[in-house]
Each structure stands twice: as C-alpha cells, then as structure tokens.
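Consider the two complexes below, in which chain A is the common component and chain B and chain C are the respective partners.
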Partner chain A sequence: MTEATAGRKIGKERISYRMLKNRLFKWGIIVVSGITILPIVLIFGELLLKGYRQINLNFFTEVTPNTLEAMTAMANNEVIPGGIVNGITGTLLIVGMASVIAIPFGILVGLFLFENQGKRYAAGFIRNLSDILQGVPSIVLGLIAYLWVVKNVTSGYSALAGSVALAIMMLPLIVRSTEETMKMIPETLKEAGLALGAPYYKVILRVMIPTGFSGLLTGILLGISRILGETAPLMLTTLGNPMINWDPSGPTSAVPLLVWDFYNDPNMVDLVWSSSLFLMGFVLTLNLISRRIAAKQNNN
Partner chain B sequence: MTMNPNIDSIDHPVLAIENLSIAYGKGETKAVKDVSAGIKKEAITAIMGPSGCGKSTLLRAINRMHELYADIVTEGQIFLNDINIMEMSTIQLRRKIGMVFQRPNPFPTMSIYDNVIAGYKLNGIGLKKNERDQIVEQSLRNVSLWDEVKDALYKKGTFLSGGQQQRLCIARSLAFQPEVILLDEPTSALDPIATSRVEDLLVELKEKYTIVLVTHNMTQAARISDYSMFMYLGDLVEYGSTKMMFTNPRDTKTEEYLTGKFG
Partner chain C sequence: MKSDKLTKWLLLASSLIIVLISGGMVFSLIGDAIPVFEKFGWRFIISTEWNPTEGREAYGALPFIAGTLSTSMLALMVCLPLAFATALFIGEYFRNSAFSSVLGTLVDLLAGIPSIVYGLWGFYTLRPFVVQLGWDAQGYGIFTAGMVLAIMIIPYATSLSAEIIKMVSNELKEAAYSLGATRLEVVFYVILPAARSGIVASFILAFGRALGETMAVTMLIGNTNIIPKGLFSVGNSMASVIANQFGEADGLKLSALIAIGLLLFIITGIVNAIGKLVIKKLS
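The block that comes next holds the complex of A and B.
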C-alpha cells in the first residue's frame, strides 16, 4: 500500500465518522427544540380540548353564573350558562388605568435615563432601582397597593388599587424599552431638530417619539401582556365582582381572578379552561402584534 | 506661536470669532485654542485640518450646538452682525444660522414636504397653505431638487438617494432664509457624483448665503472655497484666501498638510 492510498483510506473513514457526528448533532438540535416547544403546544391543546365547549357568544356577553346554575347545568350535562364579561370588562378597566399611569411615567423616566447616559449619578441610581423594581414579587406590590390605596384612598377594594399595583409592575419595562429605543435613534436626528432652532421638548415630541414610535409601542404591548395575567396583586386589591363594574373605586373582577374563582368551585370547573384559553389567547395575540411591530422596525 | 490671521483682513465680516477657546470639561485640553477670525459674507470659507484638530468643535460653536455636550467650557466671543451670539437665545440664533450634518438626516417619519417645512413646524410657526407651498418649492428649487421630487412631495424623505437626501437637508436649513449655513463634512458619506452636485450647489448658494464648510477633503476646499482655515491641535494655524493658501502657504505646518506629509 502506498502512502497516498493509505491517506485516502484514512480520509474516507474520517469523513464518514464526521458525517455521522454531524447528523447526530443536527438531530439532537431538532429533538431538543421539539421538546422545548412541546409544553406550549400541549398547553394550548389541553385548553382548546377542555375549553372550546364553553366558548360561545354568551361567554363574551354575560356575567358569571352562580354556583347553583352551574351545578344544574353540569348535572344535565349541558354547557354552563353565563360568561365572563364582568372579568373582561374588569381587566380592560384595570389594565387600562394601569397603562394610563405607567406609560407617561415610564416614557418620561426612560427619556431622562437616555439623556443622561453615564453622566449623572442620579440616572444610574434610577436605572438600578427600576431594574430592582422589576424583581419585586407581584404579591408584595399587591400588599403595598392595599396599604396605600385600599386603606387610604378608596377605603375599600377597588379597581384603582389594582391598577396602581399593576402600573408599578409595568413601569420598569416601559422605562427600559424607552431608553433602548431612544438609544437606537441616530444622535444627528436630534441635533438636526435642535439646529433648526426648535425647543428641546418639540424635538422630543415631534421628532424623537414619532421616530421611535414602533419601539415604544412594542415596549408598551409587552408591558401590558406582562400584567394581563397577574392574579396575586388583584386578590389583595380589586377583590372580584360578580357584576360588571366600571367604577374605579369599586370592587372589580378580572379574568385571572375568575380563573381562580372557578378553580375553587367544583361546579364551575369547566369555565376554568375556557377563561384560561381566553386569557392565553389575549396575551399571545398582544405578543405576536408586538413582535410584528418590532420586526417591521428592524427592517426599516 | 499661533499666527493670528487678523480679522481686519476681512471687511465687514458676517461672523467675527474673537479669542474663542473651547474645552470639553474644566481643566481638559482645549479643543479650540484662542481662535480669532472673521468670516466673509456671501463666500465659502472652508475649515480644514486633520482629525481631532477642533474644526468641528469650532463650527458647532457658531450655532452653539457644542453646548449640547455637558461640562463644555467656552471662552471668548462670536459676533453675528455685531451681536454677541452668547446673548441671543439659541432658538433665534439657530434660525439665522442653519446647519447640515455629515450624514444625510432627513426626519424619517416626515414626508419630503414636511421635512422642508420642519423648521416652521417644530417652532410652532403657523403658515397659510400657499405660504408653505411657496417656501417648500423655493427651498427645493434652491437646492435643484424640485424637478426630481415635485411629484413625490408627500413620500418619505428617506426613500431618496443619499445625495438627494443631503440636498433635502440643505433645503431644510434654507427654509428659514438663514444668513449663514454651516456644513460639517457634508459630502463625506456621498459618492463622487452626488458630491460634485452638492459642491456645485454650494457654489450657487454662496451668492445669497454665507457658507462655512468643514472638510477633511483638501481638494474639495481647493475646488469650491474662497477662504480657507487650517487648524491643527486646536490652533488656527493659517487663514487666508484659498488661492494663496494652496499656492503659497505661509506656515510650514500648512504646507506639510497640503502636500500630504501628515493628516
């Protein structure tokens, strides 16, 4: 055997070994990725299977049934009457008010941090505090809102108290996304505005915010989808309500609170699945929209 | 020793810079050192020099854009038509002194039309529709962009080519009818054809406007400027007519720079 053929033979063996390794690696990645997406598929499948029966027009237009109605329906193997409209309206009210509080605050703080990149001690301090705020357990925020708002402002459980707790949860997300969005906008755009003699606030409102609009919107939507499913702080603040309530100072229901209620009532257990499905669909939709917007922004 | 290119050599300067020193922070080295110069009306003055020589800082001091940096320390004065610019509000000053940047930066959310009129909009100056139309058309004609964009005025300015965008930015700064236009390396991001169009435009514009141009492209300064400054490490080394400077520089540093020995 000449050296050349020996070389070729070793080469061949090596190559087939390498190709095997390559294939193993590739399949390894596919299997692990499959396992990762499995939970979300299973969760959705489970919710769909168990919840679809309850999803009808009444589900979105009627308030929660009482336990007797539910029991009768279950005994006759019928669909439980009623819906979760009190929860949906409550969630809209609470999350809406939380957004009204958190969005302007968050954007202003984000602008402050952006304008003081590594300059002022105060900016670094606020940035750190805002990061820490993100880590505060939501039940603690609920307790604080209970002490501040339920005890002292509305003298009773209220949508407002829940909104305050959720606004605090949302705030750090909006602060960070505002700062990051502003950092992505070329510095010369701001300078161009100022060089035209425009006052600073006009440059921010008419140039910087419109330019970074999709980034800001992404941050806001992610913030909202983060607080949509929060249950613990609402238990301590808004309590729940079997009727539709639009009064910020009154007890109010919310979809995640209803899930908890249904879970605790053996007669209503069917409604757990449909309301969870609704909640998850809502959050997922917001997430997808914000992804779309972010992708569009990156393409520009 | 810094040669002092005296202000008297320029009759009735639009801008008079007197003993201007600028440092980025107390006790830091000065980016601009004791510069005095007069800028001639309706002419192109080029500021040349190697990177870090202070030419951009000097330019930005003229419309006080350098004040955007925190802790900036400015000494000396600049007069615009005998009025001390430090005593004017930046809002007034910047309407009289327009600025064009290195990279074309039309406002991305605004149409071509809105970009030209942006100065008025951002300053909250209300105009009638026909006044606005007139300003937009005149400004775009001034930068010979009108014929290219007149059918696309409501499209986004960012769809234009780089050279067109830069001319749009010049039009934006012209909309206020400023007296002086400052340009900070306006062609460094453009291809040669777009560059030569912008240069032709500047030569046309000097009939009505005073132009101060920072460039590190010596041939550009030679092609279009009437007066040239050469700066080195914050000093204004030499200042005079461009012809004189390129044919017979007084300072050896200038000569070395112009002949490509450094820079």
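The block that comes next holds the complex of A and C.
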C-alpha cells in the first residue's frame, strides 16, 4: 500500500472510530498472546497433576517393571513398582557422548568462522552448510546414524549410533553460539594478548575462551536441552533396553524412549506422566539456567 | 610462527568435518535410495500405493508427502495469527517491559518441550476434546496433528518476528504518530511494511520446522497410508512413516524409507534455503 492510498483510507474514517479500532486491536493482541501461552500452562499442569504420584525414590533407583508387574499393580490400584533408572543412565550415556563429540568440534568450527569472517568463500560456505545441518529433521539424522554407525561400526543398535545422531544435531547450535560469543569479545583484548607475544593458540585458550565462557556455556546448555528430549532418532539407533547399560556398543534405553514404550503399553500408561514430567522438568531447568547465564552476561 | 600456522590448520581441518558430514549425508541417502528409484522411477513420488508384501512390493510416497504438507500448512495457518499477535506484544506493545520478558520466556519454553510430550498432550487432551465436540469420532487426523504442530512452531515464528519488529526504527514510527496516526495504523502502515521480509522469513523457517516433526505427528495423525481427503481425515506423514515402519524394514522397504528421508531432507532444505535467502536480502 502506498502512502497516498493509506492516507486516503485513514482520512475517510472518523477519529472516534479509529481510536476504537486501535483500542480493540490492542486488547485483541493481549488476548491472543494469552491464548498462545495457554498450552504451556495446560501441558505443565496436566503433567504435574497426573505424574507426581508416581515420583518417589524407587522411580530413580529401579529399572522399568515388566508388563505383568505393572498389570498386577494396576489391578490392585497400587502405584506401579519400578522406575526409569535404565532410561536415566541411558540418556546420560547417549547425551554425554554426543556432547563429547559435538562440543570440541563445534567450538573449533565456531572459532574458524570467527577468524575468517571477512573472507567470503571458505567461511561463508561452511556457515551455510552448518545452517543447512541445523534444519535437517531429526528423523533423517536418525536414518544417517543408522546407515553409518549401526550398519557399519557397531553392527547392531547401539548407544554410540544415537550419540552420533544427536551430536550432528547439536553441532550447528554450538558453532553458531561460539561464533556469536567470539564476536562480542572486544578485539582489543585479543590484540593485547598477541602484542604480549603469546602464540595464537594461547590467546584462544587463555583469553578468548575464558572471556566468552558464559556465552559458550549458554550455547552448550541450550544444545543439550535441545537433544535431551529427542525420541525419533533414538528409535532408529539405540532401540531401548530394559536393563541398565553402560556399553556404548550395546542397545540402550533413554527417558524419551521409555515414554514412547509406556505410551504403547496400556498397562504402563501411568508411568508415562511421571517420566514425561521428569524429562520436561530436566529440559526446562537446563533451558532456564542457560537463559539466566545469558541474561547475566548481557547485563555486564 | 609455527604454532600459529598449526592452530589455523587445526581450525580449518575441524571445519572440514561440517563439509564431510553434509556431503556424506547426501551421499549415503542417495546411495541407499537408489534401489527403490531404479525399480519404480518417478512413480515412487507420484504413486499412492504402499505395499510391503513380498513378491508384490510397491512403494509410492505421495500419501506421505501430502500428509506432511497438509499438516504443516494447517499448522502454519493456525500459528500465523497467534505468533503475529505475540510478536507484536513482545516487540511493540509491551516492548522492554516485564510483561514482555515473561511472555517471551514462556514462549521460548514452548520450544523446550520435547516433541513426545506434545504428542502425549495432543493424544490425552486435545484428541478427546475433538471427539467431544463431535468433529470426529476418533479424533485422529490432519486437524489434531496440525493443531499440535502449530503450537510447536509458535516459538520459532515468534522470537524472530519479535526481534525484527523491535528493530523498526523509532524515527519512522514517530513520524507517523506526529501525522496523527493511531498505534494500529502505525503497526499496519509503518511497522509491517518495514518488517515484512523478516516476518515472512520467520514463518518460512517455522514451516520448515513443522515439516520435519516426527513424534507428535506420529501419535496423532492416524498412520493410515492414504491421501488425506479433508480436515478431519486420517493420513500419514513422511517422518511418521519412517518412525513407524523402520523397525521391521530391510531390503527394498528400507530403501523406500530412506528415499522418503531423502525427499524430506530435500524439501526441508529448499524451504530453509528460501527462508535464509529472504533474511539475507533483509540485511
């Protein structure tokens, strides 16, 4: 719309009508924004209400019950015995290995992009690729990890395969946050280090990484919270396991996988709520912590 | 200095891992999708038949492509007014106030909820609601899946749009106010034209997110291999069919699923590339 037509349109209406419309629109915005955040309240409320009963010490120390045990407990109207410790250890193993792969590489790539900002070709190409990677659906990463690791490396479903899928998912996030953080560090700080005759790697390790530490940490925590709840790629790679497994080359369970199993087993449906509550609590806590760190950093 | 050169090489070498992963991904997907394309050719994309029975195997991806596109489109349309209003709330009406930071945090938390939890909520809360309203007997289908997807992509559309709306220069807005424009008119005649491409980009990127979502859609779409016939029709999506049928797949069926993964990869890649191009034009 050009200015002239806009002006003509506005000019035709009476001022009281325009003000009424203005006020209505503002309230519309407020109401619709309220509707937008309604789901998070509803979801969290439902998980809390239905899940709290199941959360006790056993929930964190025992492995998942079998269907029969769950059925008996349900029939007697008792709390289902057992817990999700096999899922918790599995998640720790898978996400831990994914972090060990993704964090160092992500920081190195981020540093590379930061160092070559001016140069168009190499850095621009890698930045674009990294953006493309970030957009790849997680299920496709699951397929890739299946083709690469399950078929060729561990010859069977394994925690390692899940870690590879999740690491590819996490990598672009770390790359991006590292580059953004490094851009915020004053150039003079780096130059001061170099002027003192410090070799470049020392400037990186002793000046840039410590100065940008909170920024890097924010990126890492957000990356971890992003991959913690992933289910689809794990279904194709780690399969699940009713026992605790610490072997990277063996099938492993994870909390989101257990939620999926419980959902599919009518006898264990009660456990769905507590394990989702645990998963979501974990993810959101990490999320909030990383936001806290980021906010603090912005205030300084 | 020697160590400086070494550091630079190390950085370059580790960056090549991104190239390796991306290249290897395309290579592997294409390599393992070839058998099904060799057998069915273009019919794989335009056929609606999906029959894994040995001897009479036939694979066509059209129902899944249709399911993915229709759920994502519906999600985009539902998300549009919600995310737009929220972005205006955060970026313009209550800019820099406590309200908007609380709202912004809550919206960002929506992005943190795992996909499977959305699926559960959709299954146990939204689906019975749809049944109760009498819209559909089972409650599964495009509508339910699209609604949950819409909620899931709201944070992606909102946070970028709000940033862009915030960036519209004050001089422009003040000029309009000084001419007697109301705030509503400033929003529609000043802010929107100035922030248009950024807002469009944020919705394109959110659409890209919706295309690849797996778990929530799998739990709600009904998993029936047909082209959806209406809003409440059941269907299946590309990501869901991979998740559902992968467990018992080998041979040609595995190749068909990987080919669907390849198609999904290409479609999301194109959508994201368009979004990124629009953003680039902006800056």
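Throughout what follows, the second predicted complex is superposed on the first by the 268 of 300 C-alpha atoms of A that agree within 3 Å, B and C clash if a C-alpha of one lies under 4 Å from a C-alpha of the other, contacts with A are read in each partner's own complex, and residues count from 1 in each chain.
Definition applied: a contact is a pair of C-beta atoms (placed from the backbone, for glycine too) under 8 Å apart; a residue touches a chain by one contact, two chains touch by 3 or more.
Owing to the predicted nature of the structure, the values given are computational and were not obtained by experimental measurement.
Q: Is A:Ala198 contacted by the first partner chain B, the second partner chain C, both or neither?
A: first
Q: Looking only at contacts as defined up top, I'd like to know whether chain B or chain C touches more of chain A.
A: Larger number of chain A residues touched: C.
Q: Answer with first, second, both or neither: which of chain B and chain C does A:Val95 touch in the superposed model?
A: The answer is neither, since A:Val95 touches no partner chain.
Q: After lining up the shared chain so the two structures overlap, which partner does A:Phe213 touch, if you call chain B first and chain C second: first, second, both or neither?
A: After superposing on A, A:Phe213 lies in contact with chain B but is clear of chain C.
Q: Does chain B (first) or chain C (second) touch A:Thr188, or do both, or does neither?
A: The first partner, chain B, only.
Q: Would you sort A:Ile55 into first (chain B), second (chain C), both or neither based on which partner it touches?
A: Touch status of A:Ile55: no partner.
Q: Is A:Ala254 touching anything from chain B or chain C once the two structures are fitted on A? First, second, both or neither.
A: A:Ala254 sits against neither chain B nor chain C.
Q: Of the partners chain B and chain C, which touch A:Tyr263 in the superposed model: first, second, both, neither?
A: second
Q: For chain A, which residues lie in the overlap of the chain B contacts and the chain C contacts?
A: After superposing on chain A, chain A residues 199 contact both chain B and chain C.
Q: Applying the document's contact rule, which stretches of chain A touch chain C when the two form their complex?
A: So the residues of chain A touching chain C come out as 1, 3, 6, 10, 18-19, 21-22, 25-26, 28-30, 32-33, 35-37, 39-40, 42-43, 46-47, 105, 108-109, 111-113, 115, 122, 125-126, 128-133, 135-140, 142-144, 146-148, 168, 171, 175, 199-201, 204, 225-226, 228-232, 235-236, 256, 259-260, 263, 272, 276, 279-280, 283-284, 287-288, 291.
Q: Can you tell me which positions in chain C touch chain A when the two form their complex?
A: Its residues touching chain A are 1, 3-4, 6-8, 10-12, 14-15, 17-19, 21-22, 24-25, 28-29, 32, 81-83, 85-86, 88-89, 93, 103, 105-110, 112-121, 123-125, 151, 154, 158, 181-185, 187, 189, 193, 205, 208, 211-215, 219, 239, 242-243, 246-247, 257-258, 261, 264-265, 268-269, 271-273, 276.
Q: Chain B touches which residues of chain A in the complex?
A: Those residues of chain A that touch chain B are 119, 186, 188-189, 191-199, 202-203, 206-207, 210-211, 213, 300.
Q: Please output the residues of chain B touching chain A within their complex, sorted ascending.
A: Listed in rising order, the residues are 63, 65, 68, 70, 90-95, 98-99, 101-103, 105, 107-109, 118-119, 121-124, 169, 172-173, 176.
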